[in-house]
Amino acid sequence: MRTTIVSLLAVVAGMIAGAILMLLTGKNPIDGFSFLFLGGLKTIDRIGDTLATATPLIFTGLSVAFAFRTGLFNIGTPGQMLIGGLSATAIGLTFDLPSVIILPLMIIAGFLGGALWAFIPGLLKAKFNVHEVVSTIMMNWIAYWTVNYTVPLYFKGEYLETESRKLPADATLRTDWLSDLFNGSYVNYGLVLAIIATIIIAFILNKTTLGYELKAVGFNKFAAEYAGMKVNRNVILSMLIAGGLAGLAGVVQYAGNSDVIQIGVMPSQGFDGIAVALLGANSPIGVFFAAIFFGILYSGTGFMTAMTKIPPEIANSIIAIIIYFAATSILFEKLVSKYLKGREEKKLSKQSSVKGGEQ
Amino acid sequence: MWHIIELVFPYAIMYTVPLLITALGGLYSERSGIVNIGLEGLMIIGSFTGALTIYLIQGIQVTDNTAAWIKFIVKSDMSIWIGLLAAVIGGVLVSLLHAYASINLNANQVISGTAINMIAAAITVFLARNITGSGNIKITAFTPMAPEFLTNIPIIGPLFFNRAYWTTLLVLVILFISAFALYKTAFGLRLRSCGEYPQAAEAAGISVRKMRYIGVMMSGALAGLGGATILVTYSGQFTGSVSGLGFLALAALIFGQWKPFGILWATLFFGFATTIANVSTVIPALDVIPPLFLKIFPYVVTLIALIIFSKSTQAPKAAGEPFDSGKR
Amino acid sequence: MDYVVEMLNIRKEFPGIVANDDVTLTLKKGEIHALLGENGAGKSTLMSILFGMYQPERGVIKVNGKEVKISNPNVANDLGIGMVHQHFKLVDTFTVTENIVLGMEPKRGLVLDIQSASKRIEELSKKYGLNVDPYAKIEDISVGMQQRVEIMKTLYRNADVLIFDEPTAVLTPMEIEELMKIMKNLTNEGKSIILITHKLKEIKAVADRCTVLRRGKYIGTVNVKEVDEAKLAEMMVGRHVSFKVEKEKSKPGNVVLSLKSLNVKNVKKVLAVKDFSLDVHAGEIVGIAGVDGNGQSELVEAITGLTKVESGTILLNGEDITNLPIRKRIEKGVGHIPEDRQKRGLVLDYNLAENMILETYYHEPFAKRGLLNREAIKSYAEKIIESFDVRSGEGANSKTRSLSGGNQQKAIIGREMELNPDLLIAVQPTRGLDVGSIEYIHKRLVEHRDSGKAVLLISLELDEVLQLSDRIAIINNGELVGIVNSEETNENEVGLMMAGVGKEERE
């Protein structure tokens, strides 16, 4: 409960800062925010677009949150997303198979690609205690250049050098009935995948022995080791799952929301995953809702810019400021828990002094 | 062969310099005990404030009636130097966000640093678009110099002075001053104690808080300078990104084992690797290597270096840990 | 009366606790004044106030008769008050000189003047008999010398009042004697000393007067010559304390643990355990006596599986477990009460129930096919909480972090003993606990022995080892110096062996 309040406070603070930015540029913040939210929610197709925009964020958010529970910073989601997307696209463009077969293949390929990309930093951390922040960032850039050269070489787009070929309609997550349901939006099966993933991750973390182990390692790897848990194995496993989740983000983005993969772009959804995880307090449900919130912000930006001429980067700015407040909200957390601990100790010292007197 | 080296050297140094100064900034911060992942964002801030300042100054309309000193500033390189100063100030100011979060609020330093990166990337483009209508700001940068009395020096002349900038000299001076300050002065001793064992510093009556603020502010200043150096030497425009150089500086810091001259060699290595990767397509001798390998070479080597150095790391022992005043 | 320092009616509060409640302490010039109390009695807090690290809510401090406000350690230094910390405030990678001058560095222009500082340190070193090497790095010198560097810090700053915070915890009996000599030297040269301790023997050995605190309250000040240890203990604890552990003679059975020629390296890749052999039988308590840092930690880590052995074998009930993973050893009957309860023993962010199954969560009934059974876990935890008297705010649901040190330790002990291990390794099981908890834990350990199990006790408190153990193995510099029966030995003999003097040499 406490963390939810803290997250909400961070959001409010971020919005206020956003309002100040809007004022600074001479625009009316009330207009700005209303167009922002309307842009994301006004019509059914807009809602669909919002959900679709949120979908990769759900995955990257889950990825970061999951790794964080095990005590790891997964800053490598952009790279894992690229490789996951590349793997899925490669399968989609190479094999001509009906949807029922090729889509699951692509999904698996995407998961494995992302997992592989996170495996290396995981291994480095487990075996050599190399800090995963630097290693995942290196992997991001390696992925970036890999895509940069692989796509034009093997999957070059028909008209554009900077894009891949389009995926055949059978090989994307788009489906007519969903698009029709949302009045022509580009929402797709990715959303369904995201919901399933959220449930599975929540289940793993809360109900299984695997989750218990991973969390124990994340909270205190020394105690986990002492109790017989294999810390290294858990670190690697956690990174594999986190990487796989980010890889799925690539699948839903490049074979769902879009049907091409672009080069020369470090996907912003990657880093946004960190914001989503923070805001969602590293819990799967929190991540889900935080992602949707960000989806609204991003989705509505176009409308807002068109109606008010406020630069589109306002959305990124608000999100960035929210993270800052979410990061420093730890202050409130600490104050509250210190206060509670003090009351606890007072209660206990009263208890034990009573007992002492009795003897 | 020699011709290739002559060609590559000046560009390599040009790429190295911003990396070096930023990594030095990171050194101050980590030596004081605060991990600063936000170097990338601070470089962007430096690039932005520098570009904006220079753009505004260079955009001043000069007529015959304008005072001589204003004419001088607008028309000469002075505008660029003022821009560099603005970049330093900008970096310091934004770094205060990270300092406050990490030092006063004991926030997680990695997250705080990441927040800085995201804030910098977003707000600078936002403001740029607002002020100039586009996300880019173009300026007139330094012209590279090649003074004959230096380029004529046998062997090292053409290597080091064919594309010379004053900023290179500035950065080298800062490097030497930093090495001196860190190891030969009381300030350096105190700073390092805060990064190794802040409880000892506190017991000695040193304000750990103050030292760490200085460390972070230095990282802001130098990273800002780094971002602006890119702007005024080889880029010529603010684009909202420094292509991961801030993170590479972090890697150089680790590679250089937190020592000023170690960082010098590490950044030189990265500078050369990047340059060779960039020119490989035009140099026949290098054409055989697939461009992908050359591009990812610096990153792969960093990973390997991280493994090699993992056993004997000389990282400041208390870096990254929030300081618990009065803890036993 | 010539008081150098007077702390009058001091009150210090922290959230939820009154650490010092109307405490008075006076220090005469040239005296050694002991400050006695249990863990948590408020001794360190009081001295932290004197040293300027905390500010009192109420009360007056006078130095040489004049009232002062000590707002930070620099002010304390200026007043001539210096603190020799229990946990040394030394930077490992710096030299002795650099550590001593930190905070008041001599300069020549901008440059540090290490030369003149080192010279002064050498002079002081000779004057007070401290024997420190100004150019050595802290990470390379012995614990005893590190402590002397701490002392030197205060002398370099011209301290007249020195506060020693539990100085003997890390010293060999030999070094303790040296320290007492140094303290006498200091008082002869006109310095005054406050000695924070809970070791009654040492108070009787060096102190002139002694102030006793209990749970933050001032109990009284006595002339050490006029009281005996029993009286001091009674003042400290508030009731009559029996030092003896009630136990029957042991009836040892089969060999449970057998260590044969064990060689173990420490983190610095140096051999910390050398050719160590020992047998522990069912139904006995074997205590390992030794000064901190002589290989005990590495020995325990080898037996539990946290560290690999270089050579040698470990047999549990006849089975070779030398290279078995930790989990297998736990399954085969090795229980471990770790040295550092918060680092190794508990996941503080888990609740009590989750901590109780730390080693067994994957077994039925706690989990089936990978799914946790919260009900079963909860009732198991409640059983342990009940029978080991673990007190907490919300029972099995309490966040472990919120428990007091004593209750955290009881939780760990409960968890380990509930598994009924054939071999229970207890490392520093009563560190930092109040007397009541200590007595309780000792009782349970003896019970475990009496149920026919083996107990291996590692403790730095010689008294605890002598009281609890049936046999005592002394370790020095990683080597087994000797094994004695506790009934047939005394503190002197064991103390000598702890310092490395073997059996033959003593006879």
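Per-chain numbering from 1; labels A, B and C assigned in written order.
Simple rule for what comes next: a residue touches a chain if its C-beta (ideal position, glycine included) is under 8 Å from a C-beta of that chain, and two chains touch if they have at least 3 such contacts.
Fair warning: this is a prediction, and the values are worked out from it, not measured in the lab.
J.: Go through B-C and A-B and name the pair with more C-beta contacts between its chains.
T.: A-B
J.: Going by the average position of its CA atoms, which chain sits the greatest distance from chain B?
T.: So the chain farthest away from chain B turns out to be C.
J.: Just give me the whole-number Å value for how far the CA centre of chain A lies from that of chain C.
T.: 46
J.: So how far apart, in whole Å, are chain B and chain C when each is placed at the average of its C-alpha atoms?
T.: Those two chain centres are 47 Å apart.
J.: In angstrom, rounded to a whole number, how far apart do the mean CA points of chain A and chain B lie?
T.: 29
J.: Quick one: which residues in chain B touch 2 or more of the other chains?
T.: Residues of chain B touching two or more partner chains: there are none.
J.: Which of the residues in chain B end up touching chain A in this complex?
T.: 37, 97, 100-101, 105-108, 110-112, 114-119, 121-123, 125-126, 129-130, 135, 244, 247, 250-251, 254, 290-292, 295-296, 299-300, 302-303, 306-307, 310-311
J.: Note which residues of chain C are touching chain A in the complex, please.
T.: Residues in contact with chain A: 14-17, 215, 238-239, 304, 306, 325-327, 329-330, 336, 338, 343-350, 354, 358-359, 361-362, 367, 370-372, 391-393, 401-404, 407, 434, 436.
J.: Using the touch definition from the top, list the residues of chain B that touch chain C in their complex.
T.: Residue positions touching the partner: 184-186, 189-190, 192-193, 196-197, 199-206, 317, 326, 328.
J.: Any idea which chain A residues touch chain C in the complex?
T.: For this pair, the touching residues of chain A are 207-210, 212-213, 215-216, 219-220, 222-230, 338-349, 351-353, 355-356, 359.
J.: Applying the document's contact rule, which stretches of chain C touch chain B when the two form their complex?
T.: Touching chain B: residues 44, 48, 53-54, 72-74, 77, 83, 85-87, 89-94, 98-99, 101-105, 107, 110-112, 153 of chain C.
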